[in-house]
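Below you'll find a set of structures to go through.
Next, two complexes with chain A in common: one pairs it with chain B, the other with chain C.
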Partner chain A sequence: MEKYGIGQPVRRKEDVRFLTGKGVYIDDISRPNLVHAVILRSPHAHAKILKIDSSEAQTMPGVLAIVTGQDWEREDFAPIPTRSAVKTKISGAPLNQPPRHCLAIERARYVGEPVALIVAESSAQAQDAAESIEVDYEELEPVTDQVKALEPGAPQIWDDIEGNICLDFELGDKQATDKAFAAADHVVSLELRNNRVTAVPIETRGAIAEYDAASDSYLLHNATQNVHANRATFADVLKISPDKLHHVAPDVGGGFGAKNSGYPEPPLLLYAAKKLGRPVKWIADRNESFQGDTHGRDQASKVELALDSEGKFLALRTSTIGNLGAYCFTMGPFTPTAGSARTQGGPYDIPAMFYSAIAAFTNTMPLDPYRGAGRPEASFQIERVVELAARELGIDPVELRARNLMRADTLPRKTPMGLDVDTGDFPQLFERTLKMSDREGYAKRVQESRARGLRRGFAIAPYLECSGGMPKEFAGVTFASDGTITLSVGSQSTGMGHETSLPQILGARLGVDMDKIAYVQGDTDATPLGGGHGGSRGLEMGGSAVMTAANDIIAKARHIAAHMLNSTPDDISFANGAFTDVKTDQNIAMEDVIAASFEQGRLPSDMEPGCLDTGVTYERELITCPNGCHAAEVEVDPETGSINVERYWVVDDFGTIINPLLAEGQVMGGIAQGLGQALMENIVYDEESGQLVTGSLMDYALPRADSMPNMQLAFFEDAPTAKNPLGVKGAGEAGCCGAPPAIVNAVLDALKGDGVTHIEMPLTPEKVWRAIAGGKLSP
Partner chain B sequence: MPQLSLSVNARPVSADVEPRCLLSNLLREHLGLTGTHIGCDTSQCGACVVLVDGKAIKSCTMFAHQAEGCEVTTIEGLAGEGTLHPMQEAFRDHHALQCGFCTPGMIMASVALARDNPALDEAAVCKGLEGNLCRCTGYQNIIRAVLAGAKSMRGKHDV
Partner chain C sequence: MYEFQYHRPNSLEDAAKLFDAAGDPQYLAGGQTLIPVMKQRLAMPSDLIDIGRIGDLHGITADKNALTIGAMTTHAQVASCDKVRESIPALASLANHIGDPAVRNRGTLGGSIANNDPAADYPAALVALGASVQTTSREIAAEAFFTGLFETALEEGEMIVKVTFPVTDCAGYEKFPNPASRYATVGVFVARTKERVRVAVTGAGLSVFRAGDIEAALETDFSPDALDGISISADGLNSDLHASAEYRANLIIVLARRAAAKANAA
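And then the complex of A and B:
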């Protein structure tokens, strides 16, 4: 049994399917009578739609339907609602939420906004028809930058939303913070951007919609991370009851947040499926994904740190202008506001903090949570300003950080941002990371780099983040008389391996072989509710729900065991998959109890066959606080500006580790995305035309195998959280929080002799080279 | 439509497909071999890599008719039913896949790489996989898996 226990590096159950090409992703699904949809998108960032002439397209071979914004408006469908947890401005008034319809009506507000849906017998025919639709646009001046969008005289994106402001937001004690700044010995201030990036799951989005006239109900297969929430959203749009929509996610090829949102395409497909009485399929191509998948980050911030004469942090003040894009997407307004506020200050002891933000509309694809959603931004802000403070005050950055970390004996505590930090040991993780990183050998490595004409730099970046996502989760367990067990959970894996880790938890707790446990996820028929994937909630919520279900099953099985052993439940103990009568020492295996549960004759009179079937809803009270420490060593070539991240170390505190193999995978994948953001990834819009410059994988750089350093990972497991029954804190987004500051600060450390104090991400060779040249020119 | 004959996973196949039909389309749409994935439209991602006469080819960059008379191997044909090829085995052992979408292309490219480079090292793997993107794993486990898979292929004389 132990080989499958909690904490064991169990190999994944889903792997054989994926390794042999038998995974079933959305584009692998076909249906009899299937037809294909293509979306015509706006080529302009900001334009009035004067007229759409589809008369020629209508007559083209294979064309079955063309739907425009006008048609959509005539049907009177609802706009797609935002589900942002932050709903109001500082004044208490509701945030400005412009209507986001599935198709642009009268005006297009970003490049790639859907303008028409075309359905044909084949996707090539639909594509041909799309190309012959004539749309008369009257171009309007666009604004793509959020800071410019707030300037007086900026183009107005919404006639009735003055100044392009969605909402303003603040958190913390302004008075105490201002007071601390006024009294401080040093104030260090930095303006920085968190660059706009996008998730780029290697599988693009796509869906197949079907309609059954007899039952007046829909079936939607969709490459989504969140079937339940999106069912509610799509049902709202179509003005149908959610139980008329069966929403299923097949194997999903990565998501990272970008497949969480309520997108316009699925309701369009559902509508077309009903209209045509045939299944309708749409698969995004990659160029379309860059235009039409949500983007992330894109914040312009000013960060100020107040310190005393000893370098002790006194206060932190951050103000941010977040770019929302043209609409409030599903969670858009949350990210630059509460999403970025909660973990301000990271793991440092900062007595006073104040965070303020404005979220602005621009003529760009809307933003929504991308791996971390605000916490990577917060982590980057504090680590950058601390690095700068160390330089300005002439204190070793390692020493300055060590001096200011929250001490373990001050936990639990609530930060000035209201975050409940319960367990952890930040100084110990910091020390361990330093130890791993071989500081003794560093001076020699610097020399060696220098001998090769290269600059070497080092940085350490402790982080503290928090989990998120829907606060409820469901787990259901059903038993079949042939011994198979089916576990259905409302959380969802898009690659994280829940098909392994969740049966692993159930198997370990019940003492049954996890290979006998079938796993179901991503199906609105399988669980009454579900929070899907997002906010590092997979184990925290899904795992805790499974644990709670297991405990309920054990409680019921204890009664059966007592009956079978002629004992009473109070005298029955349960351990290692067996119930034991503590008085007689007689025992019986869980598997035998499960077998008995199907026979009335072997059950207590108040229990019925099938009584072990269990469904529970787990609800969290407090979000958890994953934390850890990253460190990076880089080499910079001053001749070319190119950067080689040479060594990398991480110690993470995710609480209890269920499966170290999978936890490490999350860390490494997160580091890769953090490294991508730091060094190469960047969504660029042309400021004048509003065109998307980085519209393909030729223009948007992703990390490749040779971009990655050798990563050394360790886990600190001595501080499990009591906030959930598993003691887990969440692992999915941590890598994205630690990597950008560790890498950027290491590069700036390498360039300190060149007088370079700041470079905006991504640190491309050109920018680095220019910064070095500029530094030389300055006095 | 012109007639086309080739061998796919050691079976003779003939098909009537348009001249513009890509090899990836032939495999996925006409032959139902959906293990070969499509992740881009600019030949960047490598999710579609298959072996054509033993060489790793991005099947989205080749017309089906260009494979006339060729031997094509896809992920489905790499090992016998119910068994795993040493490279598949190594990917599993080293947790070199998460969502699995890049995996078929990654494995086919790695098999060719191992066969072409008897002395494969880390640098050669990184270079050899330049044309294969993975967004989930951070590559470290993929590199480990390819080295281990190559070693075990040599042990089984599959080089």
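And then the complex of A and C:
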């Protein structure tokens, strides 16, 4: 295998740039004549906007423009559309989509909702002006919790949407499921929440908008995960043709879903840039990031599992109330509905399943996909109810799981949720994880923990999830006569390393040095379409497009090689970067064929110089199913309730591994965010006032390096998928699916002697301490 | 941030003159609280007087009875100073666990105690160790120095010059960090000097306070077990998103026991 071949741990090409401060993020970009914008945001969760007086602010030094909701309405711009894949209620009627304008018009519906745009020569001047704008609010009663939003008499967020319901949803066979429950020996039921979290990317959002009057077109540099989809969204809002908007994402410092959405700020900036004839920049500060970046999860669910007398799973029934926030954001309605339904039941053989959901509006920042978008929620739901079932039936939780995993010889199959599970070996992964986790030494470790006054617990959590995101992807390859190759792909890295992994695929397939391959992404001019980032699609879609392009290039180069070797294409084989005439054994290197492709005299008559340049669109038919198994050992300090995740093991089946270094990085990052959700991360709104309580890093707890266990990771590569030409299944979100159930169940295992059966995430020290102390404390 | 005038005097006299002449001045020590607050536009001094270049505020001296630390000494300097580590190792250890490396390399002893954040670590050390605060005009006992929530005995324009810690027989500090900010949810400093025991609690109240019942129990028997059966009332303790008053009351006892164990091991 060559140095940069597929499967090699090639170090990230982009890291030198990032680690030496040479990355170019939005705030590193300036423009001549640049002016600065700030957004005035609602301080109230729910309030009528009676009057906005900006007369004093207009006269302040440096102030160039102030735009309010009324001004915006006068311009007759369109509301920001939702792109949710689920668009209808159970009845078939369309979901309730209230108009989401870039500025609040007449009423603010969450803390942080944009109320006015202020542009000035400097950011400080714009802030000064923002502070002197007088907004006359009439406060209304807010509701922030989705369960309470559905109660009779709850505050109505939209006058024309009764009961705060966006849509209802169901999937599966209700009759068969109900029947199985009625006949079951055991029914185990658990109410639980997937807590609300937010991505906290290290780079906050920001953008620079420019307008060129001569061509009547716009240029937008934006910290986004998805230039093409958002170009369409912003063009819709401004009522312009998408080709009038050139949308560029430079280096982006983390996204995790929160930079996928169609946010209100970019259209506001584009509008101001045209109005002022000057480039306009806006950078969110961290407080704005907590208020105005989309949040994730926030589902209240009831999960029920039916079992027979032997502990065999018969049926699963889940009902969820999802919090949408005040509006349908870009994909908001999808997550608690189809996003959470598809992978219900995980890797278990469950003959009957039924999932139902209601998505509710509340006076909170809207929700959108966050790393996993429903699959981590589903994984947590099944693993928690299985753990509880083991406890209630008196069966070892490891044994109960092993008894119910789908067997490899039953694949391919379609789950009752319609998921096509093609390849994998769940029992084998489960066994490997158990073996790695040194079960023999466990009893001794429990004793050692006990000697230090600590409780130790173990849990294993197999998961099955799926990829997602846009089903098409583009890859373009252009060759220059100096030997450089430029690869442009419509998928996008926000830090995951595509600048390494995608050239690695092209270089390996063509047999050329990947260092000669320049990589371009995040630019609507560079690729005719692109699905950006999301749904673990980077390799599955972007990588498959690159592979398809490479195959097209090889097919064309084969003709050139045949011509150069005086042979015919059918007699030419290609391997290790060289074309060989199978009859004469004469061969020629790909690099020589590329060099020849610029000279008409060396080409067949039906080919022209530059003929190797290739652009392909790859389209998926079926989503892939990454799967794996996590296991965790934790120590709990009963005196303080604090938790130390002490040991951690994972075996993942991501199909073919292109670059194990990058794949491991994805798993570790996913575990960090899963651990964060399980133990500390939590967006909290005050129920009475609707204020965001966790509005800064002083109150929103993130995991740090010392929160993380040593992780022992392994890959199972014996079951690549045939759903794409690379055999990859996706890796980006898997860690978030496995970590919360592994960690939470391990803590509950540690506390089984204390009679604790459930604690809601995040498992903060006080909650754990209270659970242990039980009835000994007042509530 | 709002606009302000920046000054960097070289002497206490010049600093005082600048302070008197300004409209709404603030002394700037390490800036680890003041600068973030200014960036959020929650503070708007007209003049910022950077006292980092004033020689009188720097330096650590020790003799067999006392350790004296200049107000502008950073947490990192306290943590790594051999004199501190030898005479009061618990103080060096405390400094080594404030914030993160960036905070420890900029934040100062004087700045921390002048701010008197209810969750700061240093106030517990000063009160438990019976330290005294030397200012530009007087000497103030630690217990009289910390007067309330972000309140101290400092008068307008009065500046901390140095802090003197009497050397103890043994001491230990234990804190339970807030998972987000890593300030002390509760921190307990236990110190024993000539058979007298002083126990100071930070993070749990509006300002640092002494825990009399714990002191009495440890004076009878300076061992963690001496605290068995003692409980602390939750009345008046802080209660927030991360910890209720009841939980903090529990932490005070748990941490006092662990701090006493550390002191015994020291």
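FYI, the second predicted complex is superposed on the first by the 773 of 779 C-alpha atoms of A that agree within 3 Å, B and C clash if a C-alpha of one lies under 4 Å from a C-alpha of the other, contacts with A are read in each partner's own complex, and residues count from 1 in each chain.
In the analysis below, a contact is a pair of C-beta atoms (placed from the backbone, for glycine too) under 8 Å apart; a residue touches a chain by one contact, two chains touch by 3 or more.
All values reported here derive from a predicted model rather than from experimental measurement.
Once the two complexes are overlaid on the shared chain, A:287 sits against chain B and chain C alike. By the touch criterion stated above, A:640 is placed in contact with chain C alone, chain B being left untouched. In the overlay built on the shared chain, the residue A:761 is in contact with neither chain B nor chain C. Comparing chain C and chain B on the residues of chain A they touch gives the larger count to B.
Shared-chain residue A:693: touches chain C; no touch with chain B. In the superposition on chain A, A:769 makes contact with chain C only, not with chain B.
Contacts of A:127 after superposition on the shared chain: chain C is touched, whereas chain B is not. Shared interface residues of chain A (contacting chain B in one complex, chain C in the other): 287, 697-698, 702.
Every residue of chain A that touches chain C in the complex is listed here, in rising order: 124, 127-128, 131, 287, 639-640, 642, 680, 684, 693-694, 697-702, 764-766, 769-770, 777-778. Per the touch definition, chain A reaches chain B in the complex via residues 11-12, 14-25, 27-28, 199-204, 251-254, 256, 285-287, 494-497, 661-662, 664-665, 668-673, 696-698, 702-708, 710-711, 735. Residue ranges of chain B in contact with chain A, taken from their complex: 28, 33-42, 44-45, 47, 74-76, 78-79, 84, 88, 91-93, 95, 97-104, 107, 123, 125-127, 129-130, 132-143.
For chain C in complex with chain A, the touching residues are 1-3, 40-41, 176, 178-181, 241-244, 246-247, 250-251, 254.
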